[in-house]
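To keep things simple, chains are lettered A, B, C and D as they appear, and every chain counts its residues starting from 1.
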Amino acid sequence: MSLLEVKDLHIWFDLERGGELHAVQGVTFELAAGERFGLVGESGCGKTTTILALMGLLPPSASVSGQVLLDGVNVLARGERSVAPHRWRDVAMVFQGAMNAFNPVKRIGEQIAEPMELHGIAEGREARRQVGELLERVGIPAERAQRFPHEFSGGMRQRAAIAMALACKPKILLADEPTTALDVMVQAQILQLLVALADDFGLALVLVTHDLPIVAQVCDRAAVMYAGEIVESGPTDALFHAPRHPYTRLLFAATPDLYGTEEVASIPGAPPRLDRTITGCPFRPRCDRAFGRCVGERPALKPVAAGQAAACHLNDVPQEVPA
Amino acid sequence: MTGTAPVLADEQDLEAPPPRRGSFVWSVIKGQPQATIGALVLLAFVLVALFAPVIAPYDPREKVGDVFEAPSSEHWLGLDDGGFDMLSLMIYGARVSLIVGFAAALVAMLIGGTVGLLSGYFGGKTDTVLMRMTDYFIVIPDIPLMLVVAAIWGRSLTNIILIIGVIYWTTTARVIRSQVLSVRERVYVQRTRALGAGHWRILSRHVLPQVAPLLVAITVLSVAVAIFAETAIAFLGLGDPTLISWGKLIENAFSRSAISVDAWWAIVPPGLAVVAVVLACTMLGRSLEDALNPRLRVGHLSVRRFRVREVEGKSL
Amino acid sequence: MTTNGAPPLLEVDSLVTRYPVPRGVVGSLARQPQRWVHAVAGVSFRLRRGEMLALVGESGCGKTTTAQSVLRLVDSDAGTIRFDGTDITALGSGDLRGLRRRMQIIYQDPYESLDPRFRVRRTLVEPLEVHGIGSKEERRREAEEALRLTGLAPPELFLDRYPHELSGGQRQRVAIAASLVLHPDLLIADEPVSMLDVSVRAGILGILDDLRRRGLGILMITHDLSTAARYADRIAVMYLGRIVEEGAARDVVANPQHPYTQALLSVVPKRDPRQRQRPEILRGETPNPVDVPRGCRFHPRCPIAIPECRDVDPELLQPSDARAGHLAACIRT
Amino acid sequence: MRGIDYVVKRTVFALMTVLVAITLNFVIFRAAPGDATSSLAKCRNCTPEFREALREELGLDKPKLEQYWIYLKDLAHGDLGDSFVTRQPVWQELKQPILNTLPMVGLGYLISIVLGVLVGVVAAWRRGTFLDWGGVSTALFFYSMPQQWLGLMLLILLGGVLPASGVSDPFIDFLDPSWWEVVIDRLEHMILPAATLGLVLYGQYALIVRSSMIEALGEDYIMTARAKGLSSWGIVRKHALRTSLLPIATLVALTFGYIIGGDILVEAVFSYPGIGLATYEAVFDRDYPMLQGAFLLLTLSVILANLVADLLYFKLDPRVTG
């Protein structure tokens, strides 16, 4: 049994002007203990919404269906009530833009200790000791626990945010664009730290990013999201070397590589609007391999190779399999 | 020049409805019940003030009955200490109260808007000087100053309007300044500057239109403040003695002991009228302000939670 | 169109731009020495017509201040800026106006760089109005032409739209179009694609490439070495207000000389999961440009520093095993 | 070292403001059209000789600059001049009223802050519910009332139950009261004016607390707190409350000027012999030195309140550095 199983997750948002936005449309994936999993996609594809749902951190305008099984138990079954006990104990998170993840008027140490005290893991002196240890572990001198967030640099704050996520020794660490606002050198430091911590603590890591190379370097497996659904998932190696969905292939082709020599090409067009019903394949208008069947029938995510799945009709036509 | 193939346009969904940009103020008034009510009430009072001679049943300066006569079918709100018809007094009183309210708010808008715009846009020394000046005005207690100035400089309507306007521009200046500070840093303003556009162009085409809705919101709110100020001045006996205003009516009732003879009708209506107008301004002004503040729209904590939906059938 | 023999379009020599650090009332009273943020501390480079130079570095290295100084949006403290042979370092605001026509900038954030209340048409025509160019009809034609150049065709589809009705890529195209209506000679692109989705980036960079081929000089500011390597003719790497390495793009990427460049290149993640690298991660974070280290400004973080590095502030020179025009500021090369 | 600069700056600014206020006080009273004797000594049987004597007594016959100098010198000695009416030093005349006003205004403040924070917090926490709607509407309603009118309404409603005027029962001394009977009597006299001040003011606090709390609840660190497992009341108490109460520190000071204005109106309604009533009567009696003295004291107290708020803010918000 996997540590985490997401089955057919749908998320809708009520729009102020009426109607709904179908932000996540049937996302399904699994996560094994200690695995490093990447969730890749461009802005608005639903990747952040998906992992916020894993912690039940959706706004009141949202409604969900589907299952999020943590050790076999559906934590979304009764909404807020069933998901709340798992927060930070089993699943912790490093948020996008760590600048604002801390309360500006409270000391860093106090904020890291907060979940420990809340979940009865440690209190007072013991909590302070553990906070010091965690800070040292992420490369911050323990005495800085007394500082306020604004006294930290961006990289330091992100380290502190990671230390905070580890406060209750969770099984799963969700990292939402953890390096987006950071400089390349600091980004490399943070990614290295995440990998090392995942190994040390036996954490399963879910890394959400728009940056393919980061996933390629950090994750064992990944899923590519487009228009609210996973269009392809599998080992990162397979995604790069043998993509089975045109979007995956084109996305890699649009990403310049330092030493690469191939043509870098953008994908024409833009993703479909999610406040309308999508008929057929959502990627069809931008796809270079679309054919008749893509217009009327929406492809489902189907296994295409060992551990690899894709949602593309081309895979049903053997001779049409893209290289 | 070498001809190159045109780069493909993003085929974005271009079927979006054609741009419809009614004024911001109008859209808030239409869209928010609070603002709609506020605007309607305000409009009603303005109409009453405008058509006072047509609506008022009696001449407010004509003695039509006994002192403090109770409300009756002829005099819906009874008579005041001079035997004048309260309803007619109220209707005519709306004129002065609203004139003071709107005119003083206009004065405050002009001073405060200019100070805020210049201070925020030019920054540096201009900002320091103007903001220090604003700070001084803020610490002077308003009513005592009005008292002193009205007592010493005379109590004509113009004077009262000017005094109120000159005292209450500080809020406008500060709010507008902070908004301009952020607009000034917007990239499109920097881009226009890099283009070679002058200050006047940037201020009038880019900055002012951007802060205008906020300016309207604060001005609506200062109408309320100005009406308050007028009742205070009148109550302390420093209003123009020849004019009827709601403040003056409250003062009359108080100083001529309406309370001791239980003539509630002489004292409750003018207060309620002030409450209605002030409430209307506050509701309208606050709705506008709130609509302009995107920080009020997100909430990570709410009484309501996300819902769990039963799945009907398979995925779409 | 050849440019050989003509003076470079842009020639920056030993440029210094610094900002005072506020001392506060107490500091001034106690007569503490005035301290400075040395944003740009002696930068020299040249840019020819039809060339794209990428200024690469981490935040706070002074690349944006360099651009602002070149555009004369901030005043520099020393050095010279020559534009098309004319010294523009000390031009007054009157003379600058004419100059502004010829140098344009596009910004990082396409959501912010267009006035939300202006339709595309007005945004495009405004630069012409500012400089009093053309009749109404001519301005309209210019605007349409600029839209076509940036791939927004047919123009009628876009002229009457508001920015919020456009996608990020379309907005950035409009921003570029708005700078093209004036037919500038120099275009500064400040992180032109970093806020855009990966799938539309290549389109925007393609337009810049196209403009470069049409003879514009383009100064691109970026933190992304992959993009710089791909699109720029030359790369200049900045660290703490200085250019530490400069050369043809492929030389800098293939044969980096300065240890900072080497480290920067090593941390760029590769697309291919099979090429997992051991990045050479530098200790700590970039120091504050107020307290610039003595000697070589990179020595406290340098993996190959020797004691001399503490005293010698290295000049930008051609290392022995580098090709012509490839310079680095390190005494160990 | 943090923020010494801030403290120095605020203090210097307060001192400068005091100087400006003192000067303004001089200018307003002397730059009036005509001079003070014409507008203020409007007694029916004033002879020109009396007027001349008054001018001399006030020093109005001297050049303006010299007058300013004398005014500053007197002020430095704590001399605010003599009241026209009682011929006693202004300071002597104002001492007792100030002592009467302080506890009453303090009580009003207390009512408004407690009520305002309570309503504001609950409304924001339960945003969109009936509690929110009811809290905000009530707050807006009271906020929209002219203070003097609300005072009169309370007088109509409760005038029979509670004392309607004065600061204490004039006959209480005959009853040989114990100390707490005196306190109760004082409180009874204070309650209506204080409630008027408090009710009018609390709406403003409630609205500000509500919106700053809603803003705080939209910050990203609230999402973090939720993720960490805090209950919703825990989030409000441990994270949102502190940041959203910061503006109250400033607001309390800013409204100090407002409460002083309200104090004048309310004391006039309830004939409460405080500094407000003294100012009101000074206007009626054309008691020019009293008016000037009271105005100066009121301004100085607002400046002081602002300084205290600035320093308090500095203490509460670690981000303030200068």
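Note that in this section a residue touches a chain if its C-beta (ideal position, glycine included) is under 8 Å from a C-beta of that chain, and two chains touch if they have at least 3 such contacts.
These numbers come from a predicted model, not from an experiment.
*Asks:* Pick the pair with more C-beta contacts: C-D or B-C?
*Replies:* B-C
*Asks:* Taking every chain's C-alpha mean, which one sits closest to the mean of all protein C-alpha atoms?
*Replies:* Given all protein C-alpha atoms shown, the central chain works out to be B.
*Asks:* Just how far, in Å, is the C-alpha centre of chain D from the one of chain C?
*Replies:* Chain C and chain D have C-alpha centres separated by 56 Å.
*Asks:* Centroid from C-alpha atoms only, then distance chain A to chain B, rounded to Å. What do you get?
*Replies:* The separation of the two C-alpha centroids amounts to 47 Å.
*Asks:* Approximately how many whole Å separate the CA-defined centres of chain A and chain C?
*Replies:* 32
*Asks:* Two or more other chains in contact with one residue: find those residues in chain A.
*Replies:* 57, 268, 270
*Asks:* Quick one: which residues in chain D touch 2 or more of the other chains?
*Replies:* 219-220, 223, 226
*Asks:* Can you list the chain B residues in contact with two or more other chains?
*Replies:* Residues 8, 10, 12, 299-300, 302-304.
*Asks:* Once you draw an edge for every pair of touching chains, what topology comes out, line, ring, star, complete or other?
*Replies:* complete
*Asks:* Under the stated contact criterion, what part of chain D meets chain B in this complex?
*Replies:* 13, 17, 20-21, 24, 28-29, 32-33, 36, 39-40, 125-129, 140-141, 143-150, 152-153, 155-156, 159, 207, 211, 214-215, 217-220, 222-223, 226, 232, 235-236, 240, 254, 256-258, 260-262, 264-265, 268-269, 279-280, 283-284, 286, 291, 294-295, 298-299, 302-303, 306
*Asks:* Using the touch definition from the top, list the residues of chain A that touch chain B in their complex.
*Replies:* 8, 10, 12, 22, 25-26, 56-66, 76-80, 268-270, 272-273, 277-278, 285-286, 298
*Asks:* State the interface residues of chain B toward chain A in the complex, per the touch definition above.
*Replies:* So the residues of chain B in touch with chain A come to 8, 10-13, 299-300, 302-311, 315-316.
*Asks:* Which residues, counting only chain D, touch chain A once they are in their complex?
*Replies:* Touching chain A: residues 219-221, 223-230, 234, 238-239, 242-243, 246, 316-319 of chain D.
*Asks:* Show me the residue ranges of chain A that touch chain C in the complex, using the header's touch definition.
*Replies:* Residues 42-43, 153, 155, 183-189, 191-192, 210-214, 216-217, 236-237, 240-241, 250-252, 254-260, 264-268, 270 of chain A touch chain C in their complex.
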